[in-house]
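These notes open a run of structures that come right after.
Presented sequentially are two complexes of chain A, the first with chain B as partner and the second with chain C.
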Partner chain A sequence: MSRIDVRKTYKLFIGGQFPRSESGHSYEVLDSRGRFVANAALASRKDARDAVVAARKAFPGWSGRTAYNRGQVVYRIAEVMEDRRPQFVEALRRGEGRTSAAAGKVLDGAIDRLVWYAGWADKLAQVVGNANPVAGPFFNLSTPEPTGVVAVLAPRESSLLGLVSVVAPVIVSGNTVVVTASPDRPLPAVTFAEVLATSDVPAGVVNLLTGSLDRTAATLASHMDVNAIDLTGLAADAEQATALEVEAAANLKRVRRAPAAEPDWSEDPGLDRMTDVLETKTVWHPIGV
Partner chain B sequence: MTSTATPTTAAGNDWADVTASESSLRRFLHGLPGVDQVGAEQRAAGLGTRSIKTSAKAFAIDLAISMVDLTTLEGQDTRGKVRALAAKAVRPDPSDPTCPSVAALCVYPDMVATAKAALGTSGVRVASVATAFPSGRAAMDVKLADTREAVAAGADEIDMVIDRGAFLAGHYLQVFEEIAAVRAACARPDGQSAHLKVIMETGELQTYDNVRRVSWLAMMAGAHFIKTSTGKVQPAATLPVTLVMLEAVRDYREQTGRRVGVKPAGGIRSSKDAIKYLVMVNEVAGADWLVPEWFRFGASTLLNDLLMQRTRLATGRYSGPDYFTLD
Partner chain C sequence: MSTFEYAPAPESRSIVDIAPSYGLFVNGEFVDGHGHSFKSISPSTEEVLAEIAEADETDVDLAVRAARRAHSRVWGRMPGKERAKYLFRIARIIQERGRELAVLESIDNGKPIKETRDVDVPIAAAHFFYYAGWADKLEYSGYGTESVGVAGQVIPWNFPLLMLSWKIAPALACGNTVVLKPAETTPLTALLFAEICQQADLPPGVVNIITGAGETGRALVSHPDVDKVAFTGSTEVGRSIARSVAGTSKRVTLELGGKAANIVFDDAPVDQAVEGIVNGIFFNQGHVCCAGSRLLVQESVADDVLDRLKRRMSTLRVGDPLDKNTDVGAINSAEQLAKIRELSAIGEDEGAERWAAPCELPEHGFWFPPTLFTGVTQAHRIAREEIFGPVLSVLTFRTPSEAIEKANNTPYGLSAGVWTDKGSRILKMAGALRAGVVWANTFNKFDPTSPFGGYKESGYGREGGRHGLAGYLKGEARR
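Moving on, here comes the complex of A and B:
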């Protein structure tokens, strides 16, 4: 008797749980050659709303941790990813049509990027914060603080390295994130969510939605409890990007605009993905009182 | 669910023979039909699956807001907090004049005067917990003095706690007499009386049968409302417990013609939960219970969620806690 396949159900990741979509909908995920791979959950507006609620709930605890500890947690994600190497390589091979060697290189890049951002956790304040010279007897100190709940539309093409490159800079400074995975290549993202669930990341810090952006992006852009939105996933889709920017204006969200084309993720990322989701707090303190 | 037909010992609406002695009261309460636990839970879960959308949802949210007893029962309450909450009770959403006021503001007895002054003639009532809330462990004269003081300070409604220890030990008559005495203490000099809500603390009653018994006990002793919980004990209000209580008030009215209100309190945090309760009220007790005079929610965080949902319906955007007061 031949053995029956045990197929995996790819689910959402919201508040540390792996729910199916509240709508019950799913969609077919195809590999790079158009063959069926798996069914993934098709997130609905309500899933997006639930994810924002979970992210908001996690924000005080995550942003309240010491920067040093957040760095340790992000580093731990890299450790656990390393442990799942074969699974990621297989997912990249099928999803992005790479050879095993090339997929391994991409995975290295993703893991290294996490380590790189982990190192920034306790250095960011020193680099972008400042003791300002002022014309009076005051200490005047500017420190960066996380902006809150950040919605991120992850890139379409680079389903793992791109995802890590947009999520890590947001959470490392204490923000919590609702990220929509690449609609066509969601499987590495779901595996990444499983890594998050088994590393030390608190529930709700990263929430992952899979499925068409038509359902979730507008809800995230118009949500009054989302403080910033990153439109990277809409590279070369200027029309939809503009529509979301208009929606995002209602509560003056910070918007990271969609690039003209998907960036080369293997390049040095720079600091701006981190600084885009920070608020600067400046404190005046009298001297000698 | 089956009707809780009362045993023949109860003649009409005169409970004198039932409450004449410990043994007759025990016979009556233990003669009430038992609650089918599985059936009650299934019925409650089934009613919770109704889909309430668009205009029905808008109606339900406004109704739920008007039924909220906005509650602050913390050791750290200050006069300032009570005044702030009073302002919120009158105008839950200051940016929208069409938003209804809540039903009442529920505070500790020493805050009644502050609440009364802050609410003025707004129509929002002042409810005060009394009788050594939340444990109910005090001497009888202390409990009565507690009640009289709250009434004298202007409380429109008194939320008393029953002596769960006495009930669980089987001293039903003692519980009955206590409720009746507090009811008498609710009287005002002008001949009127503050409304009495009897808190059963269902989380400590162990079984649905006990919930049904305390419901009848409280109603026979003259309660205007029966209320699930203090909010200090888990589990607080649940749908099945409220179902049993709604059946009790429905059956009590059939028997006696007197109507009694129901107030689930504690643990109701989302609009979705609140709407489930409203569906159940409509289906079990009847539509004429769907008014703030006869059904209340004891809650604090629920109001903000109702307001967020209300804003969502009005604007099409999900709102966030940044736009409502923290309390």
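Moving on, here comes the complex of A and C:
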């Protein structure tokens, strides 16, 4: 008799823990051919609020780390992902319907992207900050700081490379994040959360919600303790994106608008995913004796 | 305390020539508006200064069309080095006509001539000078070289000409054209600026000035052919703008309200700190979005600081804005005065103790004495809401962490001040304060090279410095 395999329960990732949805709801996740794979947690509005609380709690510690340390932690995520290659290849094969070779390439892209962003941690301030020559006896310096708690709607299609491409640029500068996974392809995201949990990323820096955006996106967009929202996951859904942008105005969140179509994630990302969630702080001090 | 009497030292009004009525400045010419007209009055005397045209939707549309034409046919194509020379010309004319602008601003706004002469006008000229130099160097900015298009800009009444320069100078340097709406109570220097554009032979349509109130502003920011919205004003209006641009491709920068903490530690040089507190809240009658309106003073020195502060406040000269000795001028409008009175009354009702500097206020016009409240708690409305007047709320703290906690306990995040002699503490506080500008052992300093703008509900985007170019260029890497 052949061995019966042990299946994994796919759960949320909030505050470094893997809870089920507080609502007790789950939903069926199908593979690219429509076959049942697993039941994933269907995150509720309350789960979204809990995730924001966890992200806020983690913010002072994470933003207070040295840039060098944050860079190493993000690099560590890449290391642990590399170590789990077969698991991610399998997840991409089933979820995105790719061949093993194609899935491997996507995974390469995701790991390399983490390495690329890791290196930015201690360079951003030098590239986007400025010493300002004011017309008077003052020291004047502008430096970037993380904006705070960022909600990210991860892309629908690219469930791993896309996810990494929207999360890494947010956390590398010291923000904490609540990210909603691709609703139809959430499983690579949950596996990614398991990587985060074993990669020296402090609890609450990344919080992952799975399930329908109908339940969580509006809560995040209108939440008064969220500082910014990235609507990438609503590519080509202008109506929903507009509604969330209106909600986001309640506390003047920084909004990254939804693109017309899902981006090509293999392209060079540029700086703007990082700079969109930065604030510029300018400090003045008199010069004298 | 005995003080010397000051003889009156009035600045002459003869340098300004205010017309009985003004039209809109569209496509390089003054034209009649299609809406009603309104009056601009002097807040220090309530004298009617001029009739001002109110731009309606048709006028807004004409102005945006003029700006679009100028962008696609002239300004957007002009080499940066040529655009630069127009901006340098404007900077020079502002300097040449500096006294005229200062007097006019003082009359229309109510702020002291000392301030318009020494702050508003010179810094406005400096903004044009600074951004002029960027026009042919955009490839080094990090934001690309391509202009956004037509900018719709709405500015407040507290620094009319200075805010105009913050808006127009970077927009033009980057190759955009603008439609700017000054505040309805302070349109006169913007209209004089229109004349300056004519003197500089700026191509028609590059700068359009339309006057009016909230309706005009709404029509401008929601006009479908505006590519970029820049607004300075209240958080409430900022929110409605953020909603109105949702779902469009418009870029937006918002510079909104504030409730800055000015934190005084026990080792601070007290007299300097007191000057800084006074400058922080009574500069420009407290009509400053980044005003240090919450004084957080360390408990051990609170009594001493308050004694000296009250003594200093008693020497502030409140009165005729055109008198060169005046420190505090008129409140900008009856409406603003009513708001300041209302919030001050609420301060007393909620249990805080009011103290106002003993001073004689003029009979006509809108006036409010420099005022402070003690016994203020974080829950009081005067500690949470922007009063936008010469009213200081005083709170105390014991430890640096308590100061940080209290300072950051606000939905705003525009500015903050720290006073201490200890360098490491300054750097710690500067890092911990969630605000876009931190003044350490100084306050209310502005410079065209220095980015300005808020965290949280104080808005987004930066004005000034290299960062100030970001909102006006299409560059992929918006950094």
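Points to keep in mind about this one:
Just so it is clear, the second predicted complex is superposed on the first by the 283 of 289 C-alpha atoms of A that agree within 3 Å, B and C clash if a C-alpha of one lies under 4 Å from a C-alpha of the other, contacts with A are read in each partner's own complex, and residues count from 1 in each chain.
Criterion: a residue touches a chain if its C-beta (ideal position, glycine included) is under 8 Å from a C-beta of that chain, and two chains touch if they have at least 3 such contacts.
No experiment lies behind these values; they were computed from the predicted model shown.
Residue contacts after overlaying the shared chain place A:Ala250 against chain B and chain C alike.
When chain A is checked against chain B and against chain C, the one touching more of its residues turns out to be C. Shared-chain residue A:Arg56: touches chain B; no touch with chain C.
Taken together, the two complexes place residues 250 of chain A in contact with chain B and also with chain C. Only residues 126, 142, 235, 238-240, 242-243, 246-247, 249, 254, 256, 411, 426, 430, 435-442, 445, 447, 449-453, 455-457, 459-460, 462, 465-467, 476-479 of chain C touch chain A when the two sit together in their complex.
Chain A meets chain C in the complex at residues 127-128, 130, 132-136, 138, 140, 142, 147, 227, 238, 241-243, 245-246, 248-252, 254, 257, 270-272, 274-276, 279-286. Of all residues in chain A, only 49, 52, 56, 219, 222-226, 250 touch chain B in the complex they form.
Within the complex formed with chain A, the residues of chain B that make contact are 316-323.
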